[in-house]
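Chain lettering (A, B, C, D and E) follows the sequence in which the chains are written, and residue indices restart at 1 in each chain.
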Amino acid sequence: MAQPATPLTIDAQSAEDPVLSHKPENRVWKKFRHHRSAMLGGILVAFFILLAVFAPLLPIPDPLATDWGAVRKAPSMAHWLGTDDLGRDVLSRLIWGAQASLLAGVVSVAIAVSLGVPLGILAGYFGGWTDAVISRCTEALLAAPFLILAIALAAFLGPSLTNAMIAIGISATPVFVRLTRGQVLSVAAEDYVDSARAIGLPTHRILSRYIFPNVLPPVLVQATLTVATAIIAEASLSFLGLGQQPPAPSWGSMLNTAKNFLTQAPWMALWPGIAIFLVVLGFNLLGDGLRDALDPREQ
Amino acid sequence: ADLRIALQSDADVLDPDQSRTFVGRIVYTSMCDKLVDITPDLEFTPQLATEWTFSEDGKQLTLKLREDVVFHDGTPFDAEAVAANIDRSQNMEASRRKSELSSIVGTEVLGSHEIRFDLASADATLLAQLADRAGMMVSPTAAAEAGADFGLNPVCSGPYKFKERVAQDRIVLEKFADYYNADEFNFDTVTYLPIPDTTVRLANLQSGDIDLIERLAATDLEQAESDAGIQVESAVSLGYQGITFNVNNGEKGDNPWGNDKRLRQAFSYALDRAAINQVVFNGAFAEGNQSFPPNSPWYSTDFPVPARDIEKAKALLAEAGYPDGIDLEVQVPNTTVPLQLMQVVQSMVSEAGIRVSLTSKEFATLLADQSAGDYTASQIGWSGRVDPDGNIHQFMTTDGGINDSKFSNAEVDTLLDRARTSNDQAVRKESYNAARAILNDEQPIVYVYHQTWIWALDDAIKGFTPYPDGMIRLAGVTKDEG
Amino acid sequence: MQRLKLVHSDSSPNDVLLEVSDFSLRFKGAQKDLISHVSFSVKAGQTVCIVGESGCGKSVTSLAMMGLLPEGAAEIHGGGITFDGRHYDLKDQKALREFRGSRMTMIFQEPMTSLNPSFRIGDQIAEAVQCHGAHTAEEARARALAMLVRVGIPAPEKRMREYPHQLSGGMRQRVMIAMALVNDPALLIADEPTTALDVTIQAQILDLIRDLQAETNMGTIMITHDLGVVAEIADTVAVMYAGTVVEAGPAEQIFNDPQHPYTIGLMSSIPKLTGPRGRLATVPGMVPTAENMPDGCRFATRCPFAQDICKTDPKPQSFGNGHVAACHFAPLDTHFEACA
Amino acid sequence: MLSFIMRRLLIAIPTIFLISIFVFALQKLLPGDPVLAMAGEERDPEVLEYLREKYRLNDPIPVQYFTWVGNALRGDLGISLRTNQPVLELIGQKLPVTIQLATMAMIFALVIGIPAGILSAVKKGSVTDYVANVVALSGLSIPNFWLGIMLILLVSVKWQLLPASGYVPLSEDPIRSITVMLMPAFVLGTALAATLMRHTRSAMLGVLSSDYVRTARAKGLVERRVILKHAFRNALAPIVTLTALLFGELIAGAVLTEQIFTIPGFGKLVVDAVFNRDYAVVQGIVLVTAVGFIVMNLLADVAYVLLNPRLRKQ
Amino acid sequence: MTQDLILQATALKKYFETGSSFTGKSSVRAVDDVSLDIARGETFAIVGESGCGKSTMARLLMRLLSPTDGQVTFDGQDVSNLKGKELKALRRDMQFIFQDPFSSLNPRMAVGSLVGEPLETHFPEMSKQQRRTKVAELLGLVGLRAEHAERYPHEFSGGQRQRIGIARALASSPKLIIGDEPVSALDVSVQAQVINLLSDLRDDLGLTLIVIAHDLAVIRHMSDRVAVMYLGKIVEQGPVDTIFSQPRHPYTRALLSAIPVAEHGRDRDRITLDGDMPSPANPPSGCSFHTRCPFAQDKCKTDVPALRDTATVAGHTAACHFFDDIAAAHPDAVVADSRPATEAAQSRFDLYQDAMRNGVTPKVRQQQ
């Protein structure tokens, strides 16, 4: 049994097929590119990313410049989207706030996914003690109030946007663990997982190539949804001293401030709300596109 | 009929000796009578005590008490009860009133309704304390029975008695039929509901779910005034808001801002207090630069609210060695108004070259950091006391309990102590003015504004009187039905 | 193009149960038709067997008859079906639903994935009964049970309460069969219904189908690779290759007088039960994919007899009794001779 | 199955311990002095010391913890530092409110989210699908406070249809109790509905192309039954997971919504408790929410097994 | 046996727990005390009634299921506690073709990766390009095209999927392949191609095969020895020709008699089995076949027959109390001889073979 196996060599009718010489085009990518809503989502997300990146180059007023004479002014030619409670230009703050908000949204989701999905897979696939430990820890994390977690993190990691993202990421992790675990349970019972074992795939390959792709759809959905929650959560963290500190803008904190002026200055809530909606829409469309592209059955 | 009052937050424990929140005092106003009360002009007026006299040396205070008063549990109110209450406030372990009554060294029941307090030294603040929680009389029988749990079912002698409480939901009082002045009170029950969000508070008033709200946001004034169904009342508060600098509190006190008063002066000059008031409070609040609001008799007219002077601020900075400006980190409570305020301040002082960075903290952290001296500057205020001493002594004297900047100046200590122990208004006033001269130079606290209490009421409510202490007194208040 | 039509000469149009005419289909994105101009018909009480190369489109065709191809995956052009004397457009799901499951039922090729993993098999069968009305839940279960007995599932009452994953491959297949037969359909499409069954049960199932044909005059389309089964039950046989019917006719003639080279190749590959066990004959080469499908005769790329003319569509030639073959050279022996 | 549940309930005990240690430690790590927060503006040093003694804050942290555990085991969860009310009583007051709100919100979420998700999966790519998605995502992006205040302004202030606030216990006046909760439940429900809708859609898309759905169609089932029974049932796993988690989260409290509609639920309580460093209250609530999450997760796990017979052998 | 054994199973048992906690537990005896000895290089076939435990048996041998009792040794090693490297080596040397081709293929992987995967795992030194070539070659071996590598399992027909499974099993150059109905969904020509391929591999590389199949003609063509299973047990085992010509167990006889023959209009003497098929959850006492056996006697109801040697050839065993009596009473062959094809058919078969070998000779000039 120790002797090395030699690959089987039997000449077949078709080894010289032209198909072999050209590199197979990546079907997923191709499908993705041709996916209508994915492209729309991509454009939306790209638009906001560009805004965030090029904010300093755009001919817009200083987002921090206050104007005592133009406090809470409705949209006008001078201020397209109006001004806020301190007379700052809302459009400019929206654009400058894109960076913090997108980062908060994307990075914290990335943290949650990269923690939650592997843990969920381990728990679901191995069961037993692994599952018990991971699941109980998840429950502990779930039960601990977000606020306490956030304040503690703020105190120990110090106030920064990165730490806010970590806090949001950690608190969003349990959902991914649970979601993944639940999905793994049913996927692991499939025949094709047995077939992978029969082939002798090492466990990590089974996890990464058989289990992971098949648990991905709900994870994708949850991830794209969590972007919204994370953007909004960033604001509550900045209030706790984590995250973007005033006066630097972020959409969440713009919304938070707007809360007090809903009746007098509705636009203050409207624009950041729309921005968050569009970004979330963009990510969700992208997610749908990815989901469809990854599902070979989808036309 | 039921009167529904929306408060900004939920009260804490309902025991006058243990409680500490502002909203708690609002509830007590209808539930627990005090020995003395105040008028809207801050004059003392009889409540449970009909008369009071200080001895010549100010070391004895004799009170004559009402004779027609019973507590909600039927216990009669008399001099013994007062003595028991003073004892409770001073000696119950959980009491938060100890320092307020620390000048009383003994009580002497002179008759069934007459009592004398013996003081260690003259105490000008005592009457003011008796006009607040320290002067609230609780039923001695109930208090003895309940001990520290008294707050779960408080028994006082006010016009309304405690009915029920659901934490964070409501506190219900019902009319106390045996109240000596029961006719003046026109509601069967009074319900206090905590509604933290100002917009929602107003909306509840507009929808008719609530009859009266306290602390309407200044920015909502216009809207409330334009609503025909709503009336607005206001009174400038006794408190102040400002920025406390760490002058000498621990290691962090050793910083340019703590060491060089010129920087703090520059900071003050860089502020446009009127603009702040306009931007953040729609002009509804009062600008300020002292521990008392400008309309207070204790306000020192020698130092009027300064106009903004950027040049002077810059000059001071340059003089202090910072011609290119200087950084300053300010901690701010994480609520809307302070954040708004500080962003305006930040923007204003930046024109003078002061680069402020803000750190918002939730209040408990902020407080802990502040008292531990772990800060450079902190945006914080004081809710105010009837007696001027309450607004200044504990902050500015070397051993002051709340002196978080650890400002220490022997002369100020002497002046403020003198003001505290004199019953002569003129002496007191003079002392405060003299202290102000020093403090205005030192600026350990840069005062910015004085809040205005704004109440919004349903049009049907009649007879409401605004008080500078922010309390809601229900005597004579009625509601038109229909 | 070739239009092979498979109808018995003696058939009167009245008892034709299903008629497929000129059915073509291509998958989205493909350049060429996968199924090209397929026509055939089934009479009541008759069994039509479809045999052919694996991957030639048998399952796709039968799924299309039922309107069960994944939506949007394939586009159907031409043709339509006439079933029960009524014409149906295969794109009209609503119309197809009229007979699906009651008058026309299907046994799917993949018994594992075709059973709902989360329902007990008894419920799955009973549901098929109940959804066509007329039966109470009780009756439906009784019928389901009776059907499970007929397909030879041991301990059927117990099995009714089991889930698909608890059954062996053959049992699942029998559950599928039971589900398809439980409503006494007028037409049964059976896609390799007995592949997972051992020969004794296979025989039992074939008997069952025959019985039902006798009882209810059911027509049957049977797709199978087992030419033994074909020999046993087929009335007519259609041989498919690469999406076309290359030869069709009465079973006897197909077995005893095969005409199309593909049919001949197929028959010579059958392993024998007796006699010497040499190397098996095969049809060498591979079916072209839909993209590289040659013009003309689709078998030409693998046909040892192919000539230039095969690049044109062969005209179907008739050999009596409805036996037709689409080959330019049929019958072969008149065009070619063996080497000396 | 019963033994599985029993086993899980047994594990719940150490889990709750773990959680209580975790939260306790976390609280102790928080900056801010509870006593300072409680002493009031005056911060009388004598009072501070008294409070420290009384709440044993001078003890070493493990001692504090075990004191708490000891009392908790005897059914005494301590008293609120802020209001002196026993924590158990506080929980008793809030729990029914929270559960009522959570249940109503969940009903809204399920009733809106799941059908919408199914519909948009079935009609994938159609206008219905797009509209459903846009509505769902706006439901998710609209902050609760905005929706809440707008609803109050419209429904209560302008149209005077529903009361803006004023919680009434279910036992006191069921109709009014439900009426008052309608708006907050709706506000909470919309965001959850969006989540459920998106997950339902995705799961349904995965299932709709499966062979057994084809079989169901082949049986002649009406499309509705194919989708609702055969497809939906197999798409339920992620929906169940989420419903359980979301319900748990609802029990842990929905601060903003509770605040806007002045509903005395856990959310407000826990936030105030955290801000005031009211340890006993936080611990008590965490205990309850932990039990909530454990039970919900257990239910979800049971549901997996019920939904997927292949998991039953374990 | 003194042969070089590659795989050995001793007293294998597998009982499945069924039923919920509400209805009470019961167990299905899917495999009940089965022992097998497989010699290197031989082809061993397992036939038997559907549901008799063949797939379970195969999964046990593959260690995809763990046995309730008994053990499996591969190349002298007990497979049940192999781990890590050794397990991987076992997985390389022993491959499985699943009965259900579709559910055993990961729907999210293209066929190229599915087939390339064993290569990647077991021959990590292969370059990507080599692997692609190899995959194309493997696909070609089973009659699929190289361009199929980019497609996904759902885009294939049943037979094509089955061939993907075969290609996949061949990829790691195993020493032993267990095929659970590996050719059941293939048309006869492709089936012939695969059978030829497997026999080439056996001849060239010494591949050992265990096949489970229902098509007895296929079994006869492929295998050296056959085991007949009934209700979780082996009831007869022996060289393939002997089993076909001299079946001893009544079940084997019934099985052979039921084979459909691809000849039109042929009648068969099918031995029909009456009686309810017993359930493995509740197997009958004594000989488990007695409920349906046309020759059953009282003894069969009580005594469990053991596998014992028959008088035919060495290695032919059967588990029946009375097989000698039965054989004596029914001496005629169960499997009928094939009839010769009709003249027309036969001439065309010959012509076809000839054309394949030598090319064609048109008789007449082609007309346009």
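Quick note on the criterion: contacts are C-beta pairs under 8 Å (C-beta built on N, C-alpha and C of every residue); 3 or more make two chains touch, one makes a residue touch a chain.
Computed from a predicted model, the values in this text were never measured in an experiment.
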Task: Those chains which touch chain E and also touch chain D - done: A, C
Task: Chain-contact steps, minimal, separating chain D from chain A - done: 1
TODO: Could you tell me which two chains share the largest number of C-beta contact pairs?
DONE: C-E
Open item on the list: Using only Cα atoms to place each chain's centre, name the chain farthest from chain E.
Closed with: B
Open item on the list: Let me check something: if the centre of a chain is the mean of its CA atoms, which chain is farthest from chain C?
Closed with: B
Task: Interchain centroid distance [CA atoms averaged], chain A/chain C, Å - done: 49
- [ ] Would you kindly tell me how far, in whole Å, the mean C-alpha position of chain E lies from that of chain C?
- [x] 25
Task: Centroid spacing, where centroids are CA-atom means, of chain B and chain D in whole angstrom - done: 38
Open item on the list: Report the inter-centroid distance (CA atoms only) between chain C and chain D in whole Å.
Closed with: 55
Task: Multi-chain contact sites of chain A, meaning residues that touch two or more partners - done: 13-14, 151, 155, 189, 191, 259, 262-263, 295, 297
TODO: Send over the residues of chain B in touch with two or more other chains.
DONE: 197, 199, 362, 365
TODO: Would you mind listing the residues of chain E that make contact with two or more other chains?
DONE: 16, 100, 102-103, 140, 145, 147, 155
Task: Interface residues, chain B side, partner chain A - complex - done: 197-199, 217, 219-220, 222-223, 272, 275, 278-280, 332, 334, 336, 339-340, 342-344, 346-347, 357-362, 365
Open item on the list: Which stretch or stretches of chain D touch chain B in the complex?
Closed with: 30-34, 36-47, 50-51, 54, 80, 82-85, 90, 93-94, 145, 148-149, 152-153, 156-157, 160, 163-167, 259-264, 268-269, 272, 275-277
- [ ] Can you check the complex and tell me which residues of chain E touch chain C?
- [x] 16, 18, 23, 28, 47-56, 99-100, 102-103, 140, 143-145, 147-148, 155-160, 162-163, 181, 184-193, 195-196, 199, 214-218, 220-221, 244, 254-255, 258-266, 270, 272-273, 276-282, 335-338, 341-342, 344-345, 347-356, 358-364, 366, 368
- [ ] Spell out the part of chain A that touches chain D in their complex, as residue ranges.
- [x] 127, 132, 135-137, 139-140, 142-145, 147-149, 151-152, 155-156, 174-175, 178-179, 182-183, 185-186, 189, 217-218, 220-222, 224-225, 228-229, 232, 255, 259, 262-263, 269, 273, 276-277, 280-281, 284, 291, 295, 297-298
Task: Residues of chain A that touch chain B when the two form their complex - done: 64-66, 68, 71, 85-87, 151, 155, 159, 238-241, 245-247, 256-257, 259-264
